[in-house]
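The following pair of complexes shares a single chain, chain A, combined with chain B in the former and chain C in the latter.
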Partner chain A sequence: MAKNTQIKSHVKNGSRAFDVFCVLFCGMVCLVTLYPMYYVFIMSVSAPEAVNSMSVFLFPKGFQLDSYAILFKDSQMWRAYGNTIIYTVSSTLLILITSVLGAYPLTVSGLRGRKFFVTFLLIPMYFGGGLIPSFLLINKLGLYATRWAIILPSAFNIWNMILVRTFFSGLPEELRESARMDGAGHLRILFQIFLPISKAVLAVVSIYSIVGMWNSWFNAQVYLPSVDLQPLQMYLKRVLVQMSVDLSKLNSTEIADAVEKMFSATQLKYSMIIFTTLPIIFTYPFFQKYFIKGVMVGSLKG
Partner chain B sequence: MRKRMKTTAAVLALTLLTAALAGCGDQGGQSSSDSGQSSGQSQASNEKSSDESQPSDQGQPAQSGEVHKLTILGPDPGNQFIKYEEREEYEVWQALQDMLAENGLELEIEAVPQDQYTVMIQTRMSSNSLPDIVNVSPIDDASLIAMGKQGTIQELSGLIGQYSNGNIERMYKEKYNTGYPLIQTSEGEIYWLTNLHKGNTYEGKEVVQGLGIQIRKDWLDKANLEMPETLEDFTNAIHTFREMDVNGNGQQDEIILVDCQTFANGLAQVFGLGNGIVALDTANGKIVSPWYQDHVKDYFAYVNQLIQDGIIDSATVGSTDLQNQRLADNLVGSWYAYDGATYLDAYVTNGTEGVDYEPVFTLTDAAEGCVPWKEVETSQLVWDRYCITKACTDLEGVVKFLDMIYSEEYSDILTWGIEGKDFEVRDGMKVSLINSMTNEEKGAAKRSSGSPLWGGLLPRVQTSVDYPTKEAWEEQQRTENKSELKIQALEKSVDYKEWCPLMLDNFLAMATDEENETINRVQTGIQTYSDELCIKLAQGTASLDDFDSYLEELKELGLDELIAVQQARYDRFVQSRN
Partner chain C sequence: MRVREKTGRPGGMKRKKGYRKKVSWREQWELMLIMLPAFALIFIFCYIPMYGIVIAFQEYVPGAPMIAFDGSTKWVGLKHFMDFISSRTFPRLIRNTLVLNGLNLLFGFSIPILFALILNEVKLSRYKKIVQTASYLPYFISTVIVAGMVLSFLDTNGLVNTVRKMMGLSVKAFNMDPKAFPAIYTVTNVWKSFGWDSILYLSAMSSIDMNLYEAAKMDGANRAQQMWYITIPSIKPTIMLLLIFAIGGMLGTNTDLILLLYNPATYETADVIGTYVYRDSLLGGRFSFGTAVGLFTSVLNFTLVFIANKVSAKVADYSLW
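This part shows the complex of A and B:
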């Protein structure tokens, strides 16, 4: 009994030291993760002089919201926001549809050529044609300079399909068998039995898709020459690029304009970053519980 | 039911297969723009806005008397206040439309934002969806010549000879007489035309734009110092700024900005060094490298000492953000810019009043026997590139368009705007009525010359004023808010003999295939090694005692080959002008 108490006390003391270490370590990780976001926020609401001289560290200096006012008045920014929402919603819906419809047949044991299809799908996950072949394809399909150049290529993602397939494979086969005994076909099994219990994987696929599409800009840069169709990240990139022009590479007829653009963008970029990040930050809590469950989706099951 | 499901599944599979094969046809870039313009047909094609920018199909061959419809692709100028999308509200845009109509031309312009133009043009040039005329400035010479040989872009010398009314040749051979050697290959082919710029003259002398050290005149006044003329004066001044805490913030934090990564920083030229890994010694007609020049070690020793003293903040090297932050915080006593720059004071944004950066034309006595060089942007400039693609079949029309561009009339509306509204002619000289306005004011009033409104989309041919006397030119400079010191520095650059050009490419004939191969092989390696070595020598992490070994390394990397190639190009350039 005395020995047990001793052991208990020893363990309790040891775990306290470890607890302290854990708390400190996690605190540091939080600080390192959260401080940059906090820094961007306080820079966006500080006075421009303090922003230019980069003298803001812990608290805002001279509270002002002028850069947000400039942003809100910019119709191009709102147009870009609308475009991003269109691309995000449509590509997420399409990804969910294609992932589910593509994954389910691969879990049916009687499917002929299943191994071939799986291999056929896995290869392009590792190898791609590159930028020029993709551009030529989009161009020949008549999608260049249209919204479809952004939506359609992202409508199908093999990784997400594999994720959903793995989840479906983990569902009890008895569910399918009993449904079939009751006369259910494949579509009914998929939509009325599998999908209602697959919220976790659907949430994971959704959040991957939403975040990926919200942050994407490269396809827009290549396929969308028109500013009216470009997403928010292209607008943000434009603001940031204006800041980073190498003035030494310009001649005297170009330099005055470049300096003018550079100054106006200094604080705008911080406000822009906050504005573009907020929707994603607000989206995460809704998917949080599914996300935690879904983290283990791809793992082996007993 | 089951049969119906199987039939539906089969139809869906067939649809998927058909859709997958849909892209395999050789349709080219069929236009499907909102304007409903069908490809290659003679519909009304007044200039379209950029959101109807589907790549257009090939045009019909033109017959004489018809209106020539051309498509052109270029970067949106992106001026913050004088916006291209508001062009219809500018009289100068209407003047351009009238000029096009007079010449029987209609343009469909596709304007792409500047920041994405480089990526976009590189992918578009590899596809079949090309306009008639395209700004190919982001693509290097060797790649363009290769495209020319493959037929993606058209060779122009034959077309100019066949269809031109002489304007193009007149501009390139007479008015901007450095132009042709820069665009003609060694075989006499021309694959692109360029922007042309000519600066003002007074009393027949071309006014150039010098670059060099700028110093805080207000700090000199506070410290009771004269404008430095020797390197010793300058060193004394910048140390005094720090000792006296001239910015009055209670700390000895006054610094100077010197980009030690490159030789183009004003200070290297004080030691008689060129402004790049290779540079042109115009006095002797020789291509040189600063690494081989006499006082390069003295230069690095000086810079190293300034870094040791804390006068140069080494953290600012290569970091535009930190440089701007130091400037904003009123810490910078000296940096490098155009002598005539009037926008420098705006960099100090912490509320300090009376900020006054003025040019130090040059500094003497940097080392024994040292003659300082001056980096100069020459009066005649050639930059950007515009080519005719294989998609263009209206060759007569496109040459007609180029003749219009390279004409005095177009040059006037591009450089000056509308006579009577934006400029007027007094005593035979053009005088701008809007030069003193800021871009914001011009944008609000919708008054502008063509250059900020559409510059870059169409080639720029910028003319100048030939002032009869120096006093007349000086008077004009004062109306542009240039101080007396700036005006004097500009005047000194006109007559200064030991100078090197800012844009070396403006003095080098087009490279041959072999020369391009050499340049592509050696330039990047030499540039990288040179940049890193500059920083190491400046900071003292590499010793000047091992200088010979660094030179050996540069030779191994091909520096001598590069100098030889550029010398050959310069010699051809000089020969073609004689």
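This part shows the complex of A and C:
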């Protein structure tokens, strides 16, 4: 078999050394990417004394989860968390709807003006008004300082539309033809035939949207001056970057042996990092499952 | 040799080349209604702001009409562009933008390719999957959190300085040091995106025909030669495409990370065009000026893409259009 001779002929001296080098190199890369988060994690669950004396490097020293329990008292964090969930769910649903509705007609070969519509879709990817004209528009529409300033601009995503269009184009034309012969209108074809077999591309679009919205902060920075409406990343920005929020104030001062149990701002910050990244880490395995397929669809045909 | 196509139409009627049967008007209407929500949103949020670019040539005040024929808009031509180019901060901004984007191009572009090439050589498929999955984890972590981690690690009491103390080195205030900023920014950027960026290359590599390698081995090629003559040329189109886009972003306004990592002490090397526009024009209310700067960079970027495309067509036989 061709495969066997391939494996056998791989075992040449220089080739072996090269293999070992590759494996080691990749192992190092793995460590470099994983260590920072790992460090944050072990610092967050170690005993406060170990954290304050900066003696935690490879393994947690002591183990506690109180630093997380304390975060539960942070009402600002919960409000921000709630806002992020609102924005993420709404923008993902809207993006799914607009991507599918926008992409489907472009795959009907007899559509009049198809070239025009596709060009209409592509131009904004290369050219835009910029930050200030967008800002002025949001103001003019009366959306400034409202949730809509975040939700509406993120209700669509041209890249995702193109992805879905590429996928739909790859579906066999016979599906559509036989449905039309049964007298189905386009909406029915879309929802009853195309969608059920598009799970992979819809999963990819969902994950792109969820991760994108969960991690976004700049739009909120520009359009949401009031803390009440701001998403999680804005709160994290105040805690981790601007450091204008001191988490150690959350420590309770009534406990008798309070001093030892006092968590430093750093440890609480690290706990908050883990706590707010956990949901995204959960979407990670789903991503792995659907993603490679999605990239191939997008890159090969797009 | 001309190939005659049999269309089988009565009377031997021929079809026009590229002719597609158009849908009925009723269907057209149906399809356009379906497209409407998406395209309306695109029109409002992508195209209307484009029209707002006109204020770059005006002395715009909020509330004033952008186009009026009764003289209520004040046109100043290229004044803002001239102001920008001759301003004191201009040299610093251009220098920082080019340096930071240049470093990003140098390292951020080559490292994913290098990583993909080496990972592709690993034959243990489970190990390969684990490494790849680990490599794009940083992409999923938000920029705010990454910036928070970097600022914390580089703090005078942070991880890096603790290790420095243990090694007998002095403690350095990295976050305040303008000289350290380019390195900090580049390393962070590369760490965050190399795994994600390498996915495209790895996908392309996985579809290379194994027989090519077989044939090369029989001709006596070693691993390095196989990589040079087979693997790399197969991903050349992907590389050129991404390279052209990367060059087109050289004056770019991708300022997320910089806004989070910089502070007034590091403006000297950290302030780029994008961050300047945000601070000075958005927060400072100089709308016309900011729009002019934005337009300036867009035009320059497009010119760069155009030039890069021409060069790529000549040198690497690849072009976007």
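By our rule, the second predicted complex is superposed on the first by the 226 of 302 C-alpha atoms of A that agree within 3 Å, B and C clash if a C-alpha of one lies under 4 Å from a C-alpha of the other, contacts with A are read in each partner's own complex, and residues count from 1 in each chain.
One rule holds in what follows: a residue touches a chain if its C-beta (ideal position, glycine included) is under 8 Å from a C-beta of that chain, and two chains touch if they have at least 3 such contacts.
Since this is a predicted model, take the numbers as computed values, not measurements.
When the two structures are aligned on the shared chain, A:142 is found in touch with chain B, with no touch to chain C.
By the touch criterion defined above, A:189 reaches neither chain B nor chain C. By the document's definition of touching, of the two partners only chain C reaches A:161; chain B does not.
Once the two complexes are overlaid on the shared chain, A:131 sits against chain B and chain C alike. Applying the stated contact rule after C-alpha superposition, one finds that A:200 touches neither chain B nor chain C.
In the superposed model, A:222 makes contact with both chain B and chain C.
By the touch criterion defined above, A:237 lies against chain B and chain C together after alignment on the C-alpha atoms of chain A.
With both complexes placed on chain A, chain A has more residues touched by C than by the other of chain B and chain C. In the superposition on chain A, contact of A:39 is made with chain C only, not with chain B. Once chain A of one complex is fitted onto chain A of the other, the partner contacts of A:54 extend to both chain B and chain C. Of the residues of chain A, those at positions 54, 131-132, 135-137, 139, 185, 187, 222, 237, 241, 266 touch chain B in one of the two structures and chain C in the other. Remark: chain A residues 2, 6, 9-10, 14-15, 18-19, 22-23, 25-27, 29-30, 32-34, 36-37, 39-40, 54, 97-99, 101-102, 104-106, 108-112, 117, 120-121, 124, 126-137, 139, 152-153, 155-156, 158, 161, 185-187, 190, 211, 214-215, 217-218, 222, 233, 236-237, 239-241, 266, 269-270, 273, 276-277, 280-281, 283-284, 287-288, 291-292, 295-296, 299 touch chain C in the complex. Contact residues of chain A toward chain B in the complex are 48-49, 52-55, 131-132, 135-137, 139-142, 144-146, 185, 187, 221-222, 225-229, 234, 237-238, 241-244, 246-248, 251-253, 255-257, 259-264, 266. Chain C contributes residues 20-23, 27-28, 30-32, 34-35, 37-39, 41-42, 44-53, 55, 62, 115, 118-119, 121-124, 127-128, 130-131, 133-135, 137-138, 140-145, 147-149, 151-153, 157, 159, 162, 191, 195, 199-200, 203-204, 210, 214, 217, 222-224, 238, 253, 256, 259-260, 277-278, 281-282, 287, 290-291, 294-295, 298, 302 to its touches with chain A in the complex.
Against chain A, the residues of chain B that register as touching in their complex are 2, 5, 22-23, 25, 27-30, 32-33, 50-51, 53-55, 76, 78-80, 110, 112-113, 115-116, 119-120, 123, 126-129, 197, 209, 259, 262, 264, 320-321, 324-325, 328-329, 338, 340-341, 343, 346, 349-351, 377, 381, 383, 439, 451-452, 462, 502-503.
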